[in-house]
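Shared between the two complexes below is subunit A, which has subunit B as its partner in the first and subunit C in the second.
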Partner chain A sequence: MPDTSSKAPAAVATPRPRRRRRRSADWEGLLYVLPAAALVIVFFMIPLGMTIWMSLHKWPLMGKPRWIGLDNYSRLLGDSDFWNALGFTVQYTLAATAGLLGVALILALMVERPARGVAFYRTAYFLPVVTGFASASLLWAWLSNVDSGLFSPLAQTIGLTSEPVNILATFGPAFWSVTIMVVWKMAGFHMVILMSGLQSIPADYIEAARIDGAKAHQRFRYITLPLVRRPFALALILCVSGSMLAFDQFYIILSGGPQNQTVTAVYHIFNESFVSFRLGYGAALSVVLLAILLVLSAIQLRLLRDRGETR
Partner chain B sequence: MNAATMDASIRAPARRRGRIRYHRAVFHVTAVLVALLFLAPIFWVVAASFRTKAESGQPPLPPWPSGPFSIDSYLRLENFGQSILHYSGNSLFVAVGTAALTIVVSTLAGYGFSRFNFPLKGLVFLLVLATIMVPFQSILTPLFLLLAKMGLQNTLIGLILIYTTLQLPFSVFMMRNAFDAVPKEIEEAARIDGVKGARMLVQVMGPLVLPGVVTVGLFAFLNAWNEFLAALVLLTDQSKFTLPVLMTAVRSGRFGSIDWGAVQAGVTVMMIPCLILFLILQRSYIRGLTAGAVK
Partner chain C sequence: MKTKILSGALILAATGLGGVAQADSFTLWVRSDGSEFMPKLVEAFNAKGEHEAQLQIVPVNELVQKYAIAAAGGSAPDALSLDLIYTPAFAAAGQLKDITDLVESLPYRDALSPAHMSVGTYDGRIYGLPFSADASVLLWNKDLYRAAGLDPEQGPTTWAEIREDAEAIAALGDDTYGFYFSGSCGGCNVFTFTPLIWASGGDIFADEGKTATLASPEVREAIDFYRGMVQAGIVPAGAQTDTGANFFAAFANGNIGISPSGSFAIGALNNQYPDLDYGVALLPGKEGGASSFAGGDNFVVSQDTENLEPIKAFLEFAYSVEGQTILANNGSLPVRADVAAEALEGLDARNLVSAEAMTVGRTPYSVVFNDLINSSNGPWATTLNRAFFAEDDAVVDEAVEEGQEEMQSIIDAAG
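For the complex of A and B:
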């Protein structure tokens, strides 16, 4: 607004130099964002287009790609391995999301208000977040190992089990071990997001409800919960999309075992593309996974927004 | 929660004060136990990594070395091609390179988006931010081919370029906001004093957006240091491996029987820099994390 008002008289007085300056300013701005735009185009947009293009080809690592239209997609419909992997990924996503958000909410409620010691607790709960998924997974692979690890020998020492239990050998314990690792590693992250929501609730609201005689659980249910919906939505979306793309932990801890029961969607794509080198087919699987994720995010955004408006 | 109980205690009669003190004790005991639970695995692996070779295959009970203190596990990583210093160097090069490039590119872009008008500005901004919607796992195959075409396959530089691109949506958004928060008057004043171009950005604006720069660099460093899948796919030459890829090979027993002592040492080397950086720059880290959560 102030820009147009200052431009008008200037344009009347000295039209030509003014115009030249505008144009050079145009170029200058574009120059600043050029490196970022170039990187995104070369290393993101072109590969994204290539994924779709490749998905329409039979594309071996060596030799010439051959156009096969939608054959990859029709083959994919009957690929029980892929659908099993997707099913497992959904199962894992449900378990991890429930565990993570539940634990994160409890932690957030514990350390939300400043008090003595709280800064230390927050840091302690958050520390596993900054270690990478690979290091956390390697750590867990060791702890879960039956001979040299911690869990099984510890259970034996305190008399929980009478003999060594290989928790990575059967599906149930292996699945829960990885899920617990993820909760351990990521709960602090979601705790911070939920905490930032809790802290944005004006203290007056809670105080007013307290004066009106609302019990602690009522205050939580009718004031806190509706007000943390936005950060909760963010945590939910990050949690679901992160879990749907899980790879590191299942590759490192379980190698997809036992009996290939813990191969996730990304893991399956990795196998098709970089172990079997069916690059075209891997690309088609990627497109499907990408579409699923976009739909999921859209649904979650929609659900959480609509409920907010009707209430 | 705790502050609420605290100011309640001022008004509470003596009878209730005892109950509140009891509640507070229960709270702290629970919180400390949970904290120990979260910290235990980290302490456990660090302590276990200093055991001798004979001990390192045994269960870590107690966690600290019962024999002599030994850095043997770290030295044994040499058996896997190069020394641990070489692989740490690879990881460090990628992480520092990614952080530096991300800082430069996103600061320039943030400045451009915040202070200039140019054709297609909205579209370019959307283009950069939209990449956050697309998981990079789904474009890994073409990236692999693309890097090969550019002669960058199996190079750490190629990895840096990809990691930087992945950091851009968050970093550009962060830096645009940082520049938006700087009052226009400061720039005007500097311009009147004759400052322009790159000097304006580095000498005048630089110190004012420094917190944003630290946050952006910190996230870039940590994400590049820890990234696994892209490094696994794109690096095939063992001497180029970053720590996560090397340690996964060690753990899978690709080099013979699994040396758990070496795994413990490797995990420690991977975790400690992250923990130290976080503890020093905690504020910057949390700022970056909550930037998206609160408007």
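For the complex of A and C:
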């Protein structure tokens, strides 16, 4: 922070007006953040507080809540369904994140530089992002329908399979089908983030490396990759936290099937809260999931921090 | 709360200023299954001009949650047409108004459907009144029967006949199938699959819902019956992953020979697919006999509702011959026995079959019905899905055993 040191002597020279001005600037600043702060308080802090409060109760969907302290949390430790769901969510997060960021990076490299028709491709890649998750899932559910959809009849017509194959009936194909849907739908979003990073790399660096005789893959590895680290970290965190909260696609396309093998953590929370009507327990699960997400995000931030920031 | 106070104030203002006779209104919710008959009933009631019912149709899978959230926020509807299965749970949670006195004032109270009344009664007081009735039945496609050289006027009466007819129809071509069911839908299967078990002398619960009997031989035979048809290839592959979305649509499409469904389908098929030529039979047991799931809605009143006047008027209209006829013409069955014959007059024989199904029907009772049966991740749905589509017997054994255990543990945990 070099500018504070340069300000300090000035503050000593003329203390009074400076301080007053700074104090009023503080108030002014507070005024500016007030709307945002109010939003955060009303729509995040208060609901969060209520969730924690609810998690300490036996809170049925209908009827009177009863204080039970930490019982929900101790029950949660032995809830194998929740831990299985969390395990599946991690598996999905790994697959989706690898797929999303890989595809997004390739797309970003393809459309980064201005060229003929590039605007068209950018729009085309981004287009699926603006469909809602629910509508995309419904579309996919129909495409995957073995009797009236597209994939299975298509595979049969072009001779890949001799009989109709219900891809939603076994875990592997069902899981990958949903993951591919998510990559199709979300890659454009991450492409934009990474593209902005790529475009901010000064052309001189690449030019200089080229003059020094660096090959294309070397330029990518030693110049491009390190310099897109920040946007990459942003994309990674958005991607991981988004995938850890996956629900719609598995609910709509698979209903958690086949045989409950695709019930994600949020899906489990939904079931506890709104199918079994145990809102208090659902709240406790949500608090734990939030804690896990916080830890994950902190780890990612640390791993991807620039060296300069560690000081 | 706010809207309620506001609308209350508006009504007060209207009556105060205008000095007109009582034109009260009340809000009414119905699950989407009632979207055939309810709007027509409400329209006819409102046309009388005395009172006004404001109807909202709620997706069937979200009704309980939506209601609970609205009730917690003070914006519950005044009255609700509720899946009768949930009446005890709602009453136990203190959400419903005791309407025993209202019931006592109805001269025909003894003629109202006893199955509905029994689940509508909690702790000796009445919280729910029979509103609509829906019995599960078996549908068959007469055109496909003709094409396969079968007698189109004779529906199957045993499991063996279902299998035989279904095979003959499946042999017609690649896009024609013998039998359809929603293989991944707990609610659909309790409605259409358990009657096959009941009609063969078995059950999925014993001791008033305190014991699960999924591992009984009768249940196993019924599972083997479905599984046999799956393995014979006469069930479309999509059945395995149908979570209920195609429960009605598959048969309506016209390429399915036989499918268990509900009396609601008669109204919906007649209104939406007038060209489909189909028959309605009772769901048979293994060697004959018949049973059905006696379902439908109870009419309940929210705890906080003050003005019962328009609600009572609506119920009286619904129970009148005119009201019961509207129900009968639009996919429900009459719930008032003494005028049922009159209400069903002029309707085709198919409606009479489902009225008969109602009389042999049963309604399983469980306080954890949602957890056990309706949840698509619950033991009932999961077990059946695994067992129906199992490659070998060992998987069926394992599925049934695990399902039995899980169901029992959920029942025990609920106390």
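Definition applied: the second predicted complex is superposed on the first by the 261 of 311 C-alpha atoms of A that agree within 3 Å, B and C clash if a C-alpha of one lies under 4 Å from a C-alpha of the other, contacts with A are read in each partner's own complex, and residues count from 1 in each chain.
Keep in mind that, in the parts below, a contact is a pair of C-beta atoms (placed from the backbone, for glycine too) under 8 Å apart; a residue touches a chain by one contact, two chains touch by 3 or more.
What you see is a predicted model; the values in this text were computed from it and never measured.
Model built by superposing both complexes on subunit A: subunit B and subunit C clash. By the touch criterion defined above, A:62 lies against subunit C but remains apart from subunit B after alignment on the C-alpha atoms of chain A.
In the superposed model, A:276 lies in contact with subunit C only, and not with subunit B.
With both structures placed on the common chain, the touch criterion links A:73 to neither subunit B nor subunit C. Once chain A of one complex is fitted onto chain A of the other, the partner contacts of A:109 are limited to subunit B, with no touch recorded for subunit C.
Of the two partner chains placed by superposition, only subunit B is touched by A:245; subunit C is not.
Of the two partner chains placed by the overlay, only subunit C lies in contact with A:166; subunit B stays clear of it.
Once the two complexes are overlaid on the shared chain, A:220 sits clear of subunit B and of subunit C alike.
Comparing subunit B with subunit C, more residues of subunit A are touched by B. In the superposition on chain A, A:260 contacts subunit C only, with no contact to subunit B.
Of the two partner chains placed by the overlay, subunit B and subunit C both lie in contact with A:148. Listed for subunit C are the stretches 81-89, 153-161 or 243-251, of which 243-251 clashes with subunit B, judged after superposition on chain A.
Shared interface residues of subunit A, touching subunit B in one complex and subunit C in the other, are 145, 147-148, 152, 255, 274.
On the subunit A side of its complex with subunit C, the touching residues are 60-64, 145-148, 152, 164-166, 168-169, 254-260, 263, 271, 274-277.
Contacts from subunit B toward subunit A in the complex involve residues 1-4, 6, 27-28, 30-32, 34-35, 38-39, 41-42, 44-45, 56-61, 104-106, 108-109, 111-113, 115-119, 121, 124, 127-128, 131, 133-135, 137-146, 161-162, 164-165, 168, 172, 222, 225-229, 233, 244, 247-248, 251-252, 260, 263-264, 266-267, 270-271, 274-275, 277-279, 282, 285-286, 289-290, 292-294.
Against subunit A, the residues of subunit C that register as touching in their complex are 64-65, 68, 71, 89-90, 92-95, 184, 236-238, 240-241, 243, 370-371, 374-378, 382, 385-386, 389. On the side of subunit A, the complex with subunit B involves touching residues 25-33, 35-37, 39-48, 50-51, 54, 107, 109-118, 120-121, 123-128, 130-135, 138-143, 145, 147-150, 152-154, 157, 184, 188-189, 192-193, 196-197, 200, 206, 231, 234, 241, 245, 247-248, 251-252, 255, 266, 269-270, 273-274, 279, 282-283, 286-287, 289-290, 293-294, 297.
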